[in-house]
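Chain naming follows the written order as A, B and C, and within any one chain the residues start at number 1.
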């Protein structure tokens, strides 16, 4: 399986401030791409653009060679995005939360798959506890269970290690490598220092807060 | 068409073309409003029913026209901004909103003043006045929404969407208010009833309307140009311009 | 629970695959799940459902106290009072329509599903109407009795409110979507939305008036239906556009 996400001359201007300019990216299957940069350098904005949330950019994006504007549907069907906030409803149990995500992804309800996904993130015994009673780290794990629940080739993860304990971090890191080796692709921002592996590649964004004069 | 749209993309181009057009509209506005005022106040005949008090029409009607037109132009600018991402359109829309609200207020105020001799009261729930009051609230909503965002790009988009939603609703609001008014059949007559007006009366009115429109265009050009300078102050062409001035 | 979080062999061997399934079925599944989720969420926090109803009853109680307990006077102003109070009660719960999803990040996920955002937002509005507009419409006749609303107009009151509040939910959802990213959007939301509510109020209260006077109410209800059709056509688009703006604010 092959996938490719390309950016050509990508630039983003927010409120007359250029977050980045002339960015060329080639992201292929089998890679873990870590986006680095100081606070305010536009990491989250870049992830939002690359995950198709933000259409407010200049330059072109290509998904598997086709312009993003045409390939958006196919792109969204291959994407799994986890943002800053876990997207977990406090009043619903982990199982119910996952049931909604399963349906949003377009697959039929399958309780066995949801239980397996919760097991993979170490939430056995918490399936029917309202998520509001779980710790922040456990809520994050509910969100991470979607990695197992909804098999998608492209993962875009914004600070996925937040609030997770050391064992969980190690397991997630390993999961990312396994995903990349299986032909998937991971785009990630994190303050956590990732282990150097053959799959890991770093993209550094320029200094934040810089104002460029431009016509 | 495309060449024109692409030119509009450049605030610099708009700044230059605005400088050339602006004096023409200022002169037109001053002349027309002066002629219309003198003609309307001194030479037009008095109304057989309302006497001289009808002369407030020369402020009331042009401001009411303008109030509605500005909302429509604001929505058109919003559409242009959303579809073609032309920033000048948004700057113009942002500059139009307070002027539109002011014109709505002027038309409401002149209507209230006119109400004293005709109805014997400052306020009557007349169909037109009610529609105007709702329009004022719509303007205030757009202005408040634009002011509520910290990111200017988001503020621009939100205000554009709201202006477009508003402009779809304005005719619906207008017709429903008219219908509501006729249903309740009040005993008074509308102040700007559809009575045929003699030429000596409507000619100065037409001149005043044209004068108000010229004033609106001139003021919007002027304010949009200064907004361009403010928003583009970090760009090279504005810095060069400032250096020349010095 | 140390040691349990390593990927299990079953999931390890599973390679990423493309999502399958025909698009139409996917949309139906997603819509149904969203409806169900929001219903469950609101049923678990029942006070959010009850608050608008209590507010409605409370506002109606204020009028006889503030104006006069005279049944004749109350009867003349009852249609307008009931409609205005119901409209304000429906407005009250709008602010929370997208707020929860915005705060916990579900809204971002809603934006990134392969399903159209406008349809999913419409499902959320449908839940809002089911648990706010419809109960208000069912409750209004009881409050009508308290305001000595003339007999023969009770059914029209309920039907006009049921139709009208659907439009109100749709129009209000645009305002809620525009203000969801703002920390203090509540008052602003009312300012944006109330002027747009006026046509619905005119024809809704008009329908009840007509029923009292013995005129035909079909025309009023037809116009309310037309307003609802128009709102159904345009509001989903405006909601989706507004949510996209708010999520990037």
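Just so we're on the same page, contacts are C-beta pairs under 8 Å (C-beta built on N, C-alpha and C of every residue); 3 or more make two chains touch, one makes a residue touch a chain.
The model shown is predicted, which means the values in this text are computed figures rather than measured ones.
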{"item": "Chains most often in contact, by C-beta pairs", "value": "A-C"}
{"item": "Per Cα centroids, the chain farthest from chain A", "value": "B"}
{"item": "Separation of mean Cα positions, chain C and chain A [Å, integer]", "value": "33"}
{"item": "Where chain A and chain B are represented by their mean Cα positions, the distance between them in whole Å", "value": "47"}
{"item": "Multi-chain contact sites of chain C, meaning residues that touch two or more partners", "value": "248"}
{"item": "Multi-partner residues of chain A (at least 2 other chains)", "value": "56"}
{"item": "Junction residues of chain B - those touching two or more other chains", "value": "151"}
{"item": "Footprint of chain A on chain B - complex, ascending", "value": "12, 151-153, 231-232, 234-237, 239"}
{"item": "Chain A residues touching chain C - in the complex, by the definition given at the top", "value": "1, 48, 51-56, 73, 76-79, 81, 83-92, 96, 99-109, 116-117, 119-125, 141, 148, 150-153, 167-168, 171, 174-175, 178-179, 182-184"}
{"item": "Contact footprint of chain C on chain B as seen in their complex", "value": "82, 134, 137-138, 140-141, 144-145, 148-151, 154, 157-158, 161-162, 164-166, 168-169, 172-173, 176-177, 179-180, 183"}
{"item": "Contact footprint of chain B on chain C as seen in their complex", "value": "174, 178-179, 181-182, 185, 188, 191-192, 194-196, 198-199, 202-203, 206, 209, 227, 230, 234, 238, 241-242, 245-246, 248-249"}
{"item": "Complex contacts: residues of chain C adjacent to chain A", "value": "1-8, 10-12, 14-21, 23, 25-26, 29-30, 32-34, 37, 40-41, 44-45, 100, 103-106, 108-115, 244, 247-248"}
